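Structures for review follow.
Here come two complexes built around chain A, the first alongside chain B, the second alongside chain C.
Moving on to the complex of A and B:
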């Protein structure tokens, strides 16, 4: 094949994907941007509304807070799991890996409903807590921050574990032994050797988890209450309750801009292309 | 500087015995090498000493103190790893000073000992370098500096020269030896390279299949191996197997199949009249000798000032001889001999695997 034909062939390979990307991504996004400036009261009316209203600002704040909390909790759980995965061998390793990955294969909706059953006032968690005497009255674990955090951490945990695992398997175990042999405690070894050498993986996991939690809808909508409303729930209510498309579009653009800003900041520390390397 | 005593140390993984219970004493300031093929248990023993592995049985005493249950960080041992295990995110100086920083020494003391260690390993001026900028030999020296800067009671080295090329390896061997001579410190050195062991060690413990087969100086191992395994593993050897005809006054005679005369030599321990044994003839002892055994030269290998010659004896036996190049000039049919004192009659290795 001559070089020109080769290049043409390569272009041909990309055509279907490019068409899809334009049709389902670029066009709707452009349309969304257009709608956001199409409020009857003027092109920037929707934005002044979304950004100016105290209640909406509170929802923005809440969304960021939830995303931050979910990311923090997920990282704290994911790091030990990922580290354990690097030390396990054979069947145990397969088992833990399955536990990490299996939830990815089950619909988020199914998992969220399951959490509702588990966390409800008379659900197994509360019955266990009350009968063991740990608490006097059932805890309210649903329709508030607690429910949202539990549900979202569970859904997003694989996205935290895998990048950290990918970083930790590349850390030579003899480095940890060297540190210990030189007199370092486990905490010092963690802080001065293990963490610095896996920091890219941790940053990747944090970015991944944070971005996904920003736009999460199903889980906060089902497990959260009115007080724990997030941006995606707000957008949904703009569309389905108020039928205010420009407002919904403006809120979406704000969410998108926030996400892009985070990627921009994160890319100073990690390469975004690393996100694609996670599943190897 | 401390002495080390392995007392009945053993290690088993389930049914698999990695180390049979063994005893080994290392004197203060001694350079002892654990020599053996892979899987012989030498690295297992080193890791037990460092505390990275818990023994299944036995006790480890350092300077008379029982350290068997002590975690590695409390043992004050310096370890040089096979792959160096240098911290890639730290500079040379940060690597070397790591053990001092975690000990929370005063800054000035750290700086002083860091300079001293860098100087001793000829790394002056390299403190600010990143690890990946260094050659293999330089990385090896950083690993050594990091291990000795903490003034360890014992220095442990796990095949530290394995990744270096041959010439560099020889230089570093002599350098480590010089450093040890200038400032003796109890050292346990692991290698599978017998030449390295012979060059560097005060004593060598030869290991095989989880046991120590023989402990001795280079000369003792070379001249008085306890069995055929040691003979084969330490130095070049010709071994002819046969049946012990007689043992008397520390000498034995071995009847070798299809060889007209019995071979006489020093009897090693554990020989039994009528039992199987082997005669060890080092290549440098086999020489041309008028009136000796008839042999034919089948191969000549020039080694510079020496020449190695493969000799075929009657009955299909072969011997290698390694002598000064002038010795084997002339025709291919020769008469050969050796001093009976230079021959050892050895029992076959007790546990072939």
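Moving on to the complex of A and C:
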């Protein structure tokens, strides 16, 4: 087969996939962009409304803050879990892996509702806290930021654990032993050897978790209070209550632009193609 | 090798072509589908199915499909795409005004039974087929059944009635409740003015620190009240009555309640518009409306049916004189206006 024919064949084989991508991804996105400029009061009206009003800026700030807090907490939990996964063997390793991966198979809605039952005023967590004497009155764990953080960290944890695990598993254990042998304390070994060698994995995990948090809807909507409104909840109210689709489209485009900006900044530290590699 | 590739390509092209050319077939299927009714789910959908629509289906010897929950955005999208999957929909009265572009104008010659209804329940695009109310409900461990709040003023009184509260997630119902709590007489609630709105937000800011949940779904208040998460909440009466029948520790009062109706509308472009209107006609017939009495959740809209209620049934009936006397009837047109006009202020209030 001559090279030119081969290339033509490859292109031809790619056409169906490209067509599907264009039909289900590019066309709807272009339509969304079109709708965002279709407000009756003028093409930029929806954007002036979304970007110019202090309440929407507050919602946007809130969304970023929640995403940042979720990412930080998730990374702090994920690193030790990922490290333990590299050290465990046999049944224990399978068990911890199952704990990380199994939740991914259960619908986010089901997991969020389960948290409502666990965290409610007379739920098991509060009963345990009160009966053990740790607190006098049941804690308010639902319909506030605490509920949102607990629920979102739980849902997004696997996306933090897996990239960090993928990085840690590639670290040569003899390097850690060498550090120890040269007299470094555990903290020094962690800070100067383990962390630098796994930094790409941590950055990938942070980007993944942050991006997913930005667009999260179900968990904050069900576990959060009035003041924990996020941009995705606002978009939902524009779509279903206000029926103002140009406004909803403009808010979505702003969210998308923010996400792209974050990927652009993150790509200075990690290669975006690595995001696809972690799951191998 | 090459031949195999070409085969794959032509298969791909064929499936794509059938994907687009297949569209008219899809539309044809939509016309052949049964009359489809969509409502809010829960006690209301059950009631509408068994009391109003299944008997109609039997009478007409047709099939009816049921869907839930009602979603205004979906209605708008389906009608604008020219292929509504629902024909007959139960909407909040507010939507008759908000969604007038996507609703069919009703042919009143097909709905002669509407003449027997109170004129307030009949509009050119929607007819109210049952009645309900947004009432105060509470957990009976927090306050015994007869000892809950009996007015919105008392609902606002956090000393006499301590505990976390629930209110609806939108200005809808809260506008009325806040004004009543401020002591405005029932005939002074409408029309909406800027001064009244100012007073509404002042009153709402007062209660906000005690509002733990701003609910969005009718199922939430009964669930949160019975689990003890909330001590008292606004709620739809039918949902509360439904859980009270299951002996949940929840009680309610019609006193100072906000009465409304469940409006049935026909979507523009529905291939079954005529049958849908005939279904509305049957739903407001005395025969069908009397069945609502036995269910004991949402009451009839037809006065002559409500008048036949037993004293026991009257207790839980929105339209029974002794209950109706203590309630405000919501003005859906005004509600549509204040909801749209003050939505940004409402969001600002929630976030502050």
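Throughout what follows, the second predicted complex is superposed on the first by the 272 of 280 C-alpha atoms of A that agree within 3 Å, B and C clash if a C-alpha of one lies under 4 Å from a C-alpha of the other, contacts with A are read in each partner's own complex, and residues count from 1 in each chain.
Operating definition for what follows: contacts are C-beta pairs under 8 Å (C-beta built on N, C-alpha and C of every residue); 3 or more make two chains touch, one makes a residue touch a chain.
Predicted model, so just to flag it, every value in this text is computed and none were measured.
Once chain A is used to superpose the two complexes, chain B occupies space next to chain C without a clash.
Between chain B and chain C, the partner in contact with more residues of chain A is C. Looking at the shared chain after the overlay, A:175 reaches chain B, while chain C stays out of its contact range. In the superposed model, chain B and chain C sit 150 degrees apart as seen from the Cα centre of chain A, a figure rounded to the nearest 10. When the two structures are aligned on the shared chain, A:132 is found in touch with neither chain B nor chain C. In the superposition on chain A, A:196 makes contact with chain B only, not with chain C. Look at A:107: by the touch rule set out above, it reaches neither chain B nor chain C.
Using the contact criterion defined above for the overlaid structures, shared-chain residue A:188 touches chain B, although it does not reach chain C. Of all Cα pairs linking chain B with chain C in the superposition, the shortest spans 44 Å.
The residues of chain A shared by its contacts with chain B and with chain C come to none at all. Note for the complex: chain A touches chain B at residues 172, 174-175, 177-185, 188, 192-193, 196-197. Residues of chain A touching chain C in their complex: 1, 9, 12-13, 15-16, 19, 53-55, 58-59, 62, 120-122, 140, 142-143, 225-227, 229, 234, 237, 239-243.
Looking at the complex, you find that chain C touches chain A at residues 1-2, 5, 8-9, 12, 16, 71-73, 76, 98-99, 169-170, 208, 211-214, 227-229, 340, 343-344, 347-348, 350-352.
Residue ranges on chain B touching chain A, taken from their complex, read 50-52, 71-79, 81, 83, 85-89, 98-99, 102-103, 146, 150.
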